[in-house]
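What follows is a group of structures, each given as structure tokens.
After this come two complexes, each holding chain A, first together with chain B and then together with chain C.
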Partner chain A sequence: MKTAFRNTIIAFVLSGFLISCSNDDEENLDGTFGDVELFFDNGMNGDELILGSAYSNSNDENLTVNRLNYIISNVILYKEDGSEYIYPKEKSYFIISQESNIHEIHLEDIPAGNYTKVKFGLGVDEQRYLQGETAQQEFWDYATEHNLTWTWSTGYRFINFEGTFTSSNNTEPLNYQIHQGSNSETDNYREITLNMPSSARVRNNKLPIIHIVADANKIADGTNKIVLFDNLNTGGTNASIMGGENLIKIAANTMQMFVVDHVHNGEGSHD
Partner chain B sequence: MNKYLLIIALFSAQFVFSNQARKKTIDPPINFWNINYKYPFLEDCDACGCSANGGSMGFSSMIAQNFVGLRYMYQSYKSREGVFNNSPWIDENFNTLQAWGRIPVSERIEVTALVPYHFNKREKTTGNETIKGIGDITVMGFYTIIRPKNDSIPLRHKLQVGIGIKAPTGTYNSENNGSVNPSFQLGTGSWDYTVAGEYIIKHKNLGFNTMVNYIYKTKNNKSYKFGNQVNYGGTLFYSLMSKNFAVVPQIGIAGELYQSNEEFGEEVPLTEGDIFFGKAGLELGYDKFSIGINAMLPISQNLTGGRVEANYRFGVNLNYSL
Partner chain C sequence: MCLSVLAIISCNKDDGYTGIPEDKPFNFVIPENFPPMAQDISGNSPTEQGVALGRKLFYDNKLSRNNTISCSFCHEQAFAFTHHGHDLSHGIDNLLGIRNAPAVQNMAFQSEYFYDGASNGIQLLSIVPIHNPVEMDDNLSNIASKLAMDDDYVQRFQSAFENGEISSSNILNALAQFMTVMISADSKYDKYVRNEPGGTMSQLELQGLDLFQSKCATCHVTDIFTDSKFRNNGLPINPNLNDLGRETVTGFERDRYKFKVPSLRNVALTKPYMHDGRFGSLESVLNFYSNGVQQTQNLDEILQQNGVLGIPLTENEKQAIIAFLKTLTDETYINNPLFYEKT
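For the complex of A and B:
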């Protein structure tokens, strides 16, 4: 009886070793495609962005954010071997909108493989803009719906970041509007490359999710500091940042605005 | 902090009481090891098979050398639902009902088996999620290197080493593995292996148990590998016995260290961690039956980058000696 029991235990242990050491199958990915999702989670300096909530920044100003919309474009994915996949340009313009609850960019038909870097543009590149209104009517209308356009001649707003602010100089909240874009003087379209902490495994019938945190606080409070109070109009009622030197500063700040928090390769929905 | 003090005070009081009552007790029974400070380390992965499991839950001391029993464990965690500093905390409760037994196969060799059943719940902002079912079954064999030679001498000690295996009988569901707690599972889905060591020293009725074990985890069929784990613990206990009764208050510390989890051979960020507990418990034995209660409170912790926090653990058991 005792011997039988002991043998059973030994068999159990050995079978475990056998089973656990036998599944490292090489997969052949040639000619297969999958989808990938970029998920943009908007925050303010580490906190979740909730429209209507107030956030203090390092400029001693307190921002209540009422709108954060922006354009993401020209997505490129890089494999671990350095090779790149450029998402077809005509399909590569997207909008992220906090108020409309649009956080996801769904990319289709990506060659299967392990991707470790992602690059995207913030805004619309000049090349695309110069293709003219009819070439991009559909996206222009979509952007207009989300308050991401001026007139055609002045172009797209790359970022629309609006709300109210208070500071030691103004205890009563005043409105602010930061509208980032290019103009006749400067091209403020920027491309941002992000490393991923682990690879996004694109496979047929899988949906890896690249979870990106966008820190909207960086727009005015990044490497360059933009004090809203200093940008008030002559009447002192409103801070409107839509041109000039500030847009170049904002463009530099947004280079540090995004980070990949994690990549979700499991099946099923995203938490 | 107050709750820790309360629990420690509570059990210290019993400790003192036991000392006072000592004179009334009859001499310890023949087998010192009757009060058995064993297997606090058998919790390997039975709570959830994961990085925030009940690895060092020191629910130990059996009042019999060989037994079959039932044990219930409750673990309370909270985890961040989201990636931000102000993302909401959600409650996670891991309940485990476990059948266990310990059987000698020779003078120096013993075998232990653990069969857990889990019912786990988390209260997400979008609604409650529950998973329930059988967990991972563990079988371990122990070899006694040093045995107490003589029951009559006051200072005795015992050293055991063991190896074990955990079978993936609990379901691993990769859908549960979101950005929140990767350990919200019934099992690891993997065959895992354990080496363990335990040393007990006892002087008269006062004893001290130390244990350490290492769990080597393998990749499951979803190419997810939970991080290898070290559990350790130390328990001071006092055994107070009469012919039919035994009362054993105990107090101690326990800790767990986790390496990073891996998915498809790559480290999963923020999955390494550590936790250190204070614990206290009490065992009561009568005839062939014994019951025990045990509680653990974290003193320090750093689990999954601070996105998961253990609140407390609690256990009760009922054993029947063979």
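For the complex of A and C:
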């Protein structure tokens, strides 16, 4: 089976080579479809994110990250001519989880073509949220498994970023929980558009991988600075950030959190 | 002869048990004196089977961790679906909550739920009491597995939903359908505004209506009698609870001590009053508004006009307003067999 597959690949590569020699521009893609993968590579300010490791930020705080899970939704792909392909909304809710090693979003049946931009939502949009579970299917259960729901109120956590921190004010580590989300007062869902350095060539025989680097450091240390020590509870034991102005600031920060690092236009494997 | 009679009987008995019963839209009327619905129910319109399933779930103890507490435990029909006789409602293992259970009525016409707006969607709101450790302390997927062991539920979910699944979403949808049709709109006041028989109001009640409209209807607007907004009405802070109210949900200090304006329908039945159930009578509530309002953080502007705290009211005015409030009692609603427990 595997050998057969390899042979097919070789055949494709060869035929691709032949075709590209003759008339690449005239390639007729009408009515053909392919798959695309969005790969989310989580980091902290240029370093690889390793749960349990400590990272310093520009707020003079040292964060040990124990959890980074988030919701990606409403994916739209744009071709070089500006036309868009909206991935079907009912299938367009995904979770990225460092602890569960979920980094990929596999999109199926995308019209073949060369795509140069991708847009996605961070979280769950209000319209979809208010349509309730009928629209979200079993996404609530799935999100609950990954600690991405609130139950004391009925909302999704768009980002769950947790760990401990130390600073010049506290040498003993204290817990922090940053739970980004919306409430009926503020809609903190944001859509993020990213340019790709090279196009993702969607074909029925290829699997382009759009490699996105997510810098989790930006959540608290982006354009807006959120000092964890300033957000300690009255007991001074814990910094819980789950409401108010902080969520609006985080929403702005996350607009700069993602970048497409590169695009693989191969047949599938990814390192 | 005997055989054919048996056959007929068994046919009748089988009704609804062989195969999947036909489902059809639940026939309910939006009262003409009501504002438009505040919830989009297009994705989950009530059906007969869906509502019947929602009712069964509403009364089922399986919706709690140790199968002891149902929704109806704190929401009793005779008291417009409130927890009669309790200031703070208690739930599983007799644990005490921090608030008084609100009435369940005309839910689709409201845009926010719970005293702090912990939910603003009718299809999701049941998540809150189901998960609250002092209410039902369970979770949806666990409830789904409990229900899946019950043949009656298996059949009911199949009839009520296209995909037939016993799932978190269908549990929530059935409860939402039931709450959507829980419409209270048949009080003496309703009959009065719709010019229907039985709508004759006394002089005192009419005087009360007039006073209500000038002194109370800024917040208790429309024939739902709430603007679904969050306001601090100047209650003295209970230091034992120090309930921050709306701030708990939004995280904004400007929302501290604000609570949702409740609907006043069936208010004569829903004592005790206020988010913490501190007042045992409508007289106490009106005494509070005339004499007891305190200048606390984020006190609503409406309650401090021209340097005067609260709503000035004479004793006669209070009696008239109370007479009017009693016309909001809807005997049809609290006796409607559609909302009874049926096993």
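FYI, the second predicted complex is superposed on the first by the 240 of 271 C-alpha atoms of A that agree within 3 Å, B and C clash if a C-alpha of one lies under 4 Å from a C-alpha of the other, contacts with A are read in each partner's own complex, and residues count from 1 in each chain.
Here is the rule we go by: a contact is a pair of C-beta atoms (placed from the backbone, for glycine too) under 8 Å apart; a residue touches a chain by one contact, two chains touch by 3 or more.
Just so we're clear, the structure is a prediction, and the values are computed from it rather than from any experiment.
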Which superposed partner A:43 touches (first chain B, second chain C, both, neither): first
A:211 touches, of chain B and chain C: first, second, both or neither? first
Which superposed partner A:201 touches (first chain B, second chain C, both, neither): first
Which of chain B and chain C A:144 touches, first, second, both or neither: second
First, second, both or neither for A:154, with chain B first and chain C second: second
Chain A residues touching chain B - in the complex, by the definition given at the top: 2, 5-6, 9, 12-13, 16-17, 19-20, 23, 41, 43, 46-48, 114, 197-199, 201, 211, 213, 261-262, 264-271
Chain C-facing residues of chain A, complex: 129-138, 140-141, 144, 151-154, 183-186, 242-247
Complex contact set, residues of chain B against chain A: 81-87, 103, 105-106, 109, 111, 139, 141, 163, 165, 167, 174-175, 177-180, 190-191, 193, 218-219, 221-222, 224, 263-264, 266-270
Contact set on chain C toward chain A in their complex: 39-40, 43-44, 112, 116-125, 127-128, 130-132, 139-141, 167-170, 172-173, 176, 246-247, 249-253, 255
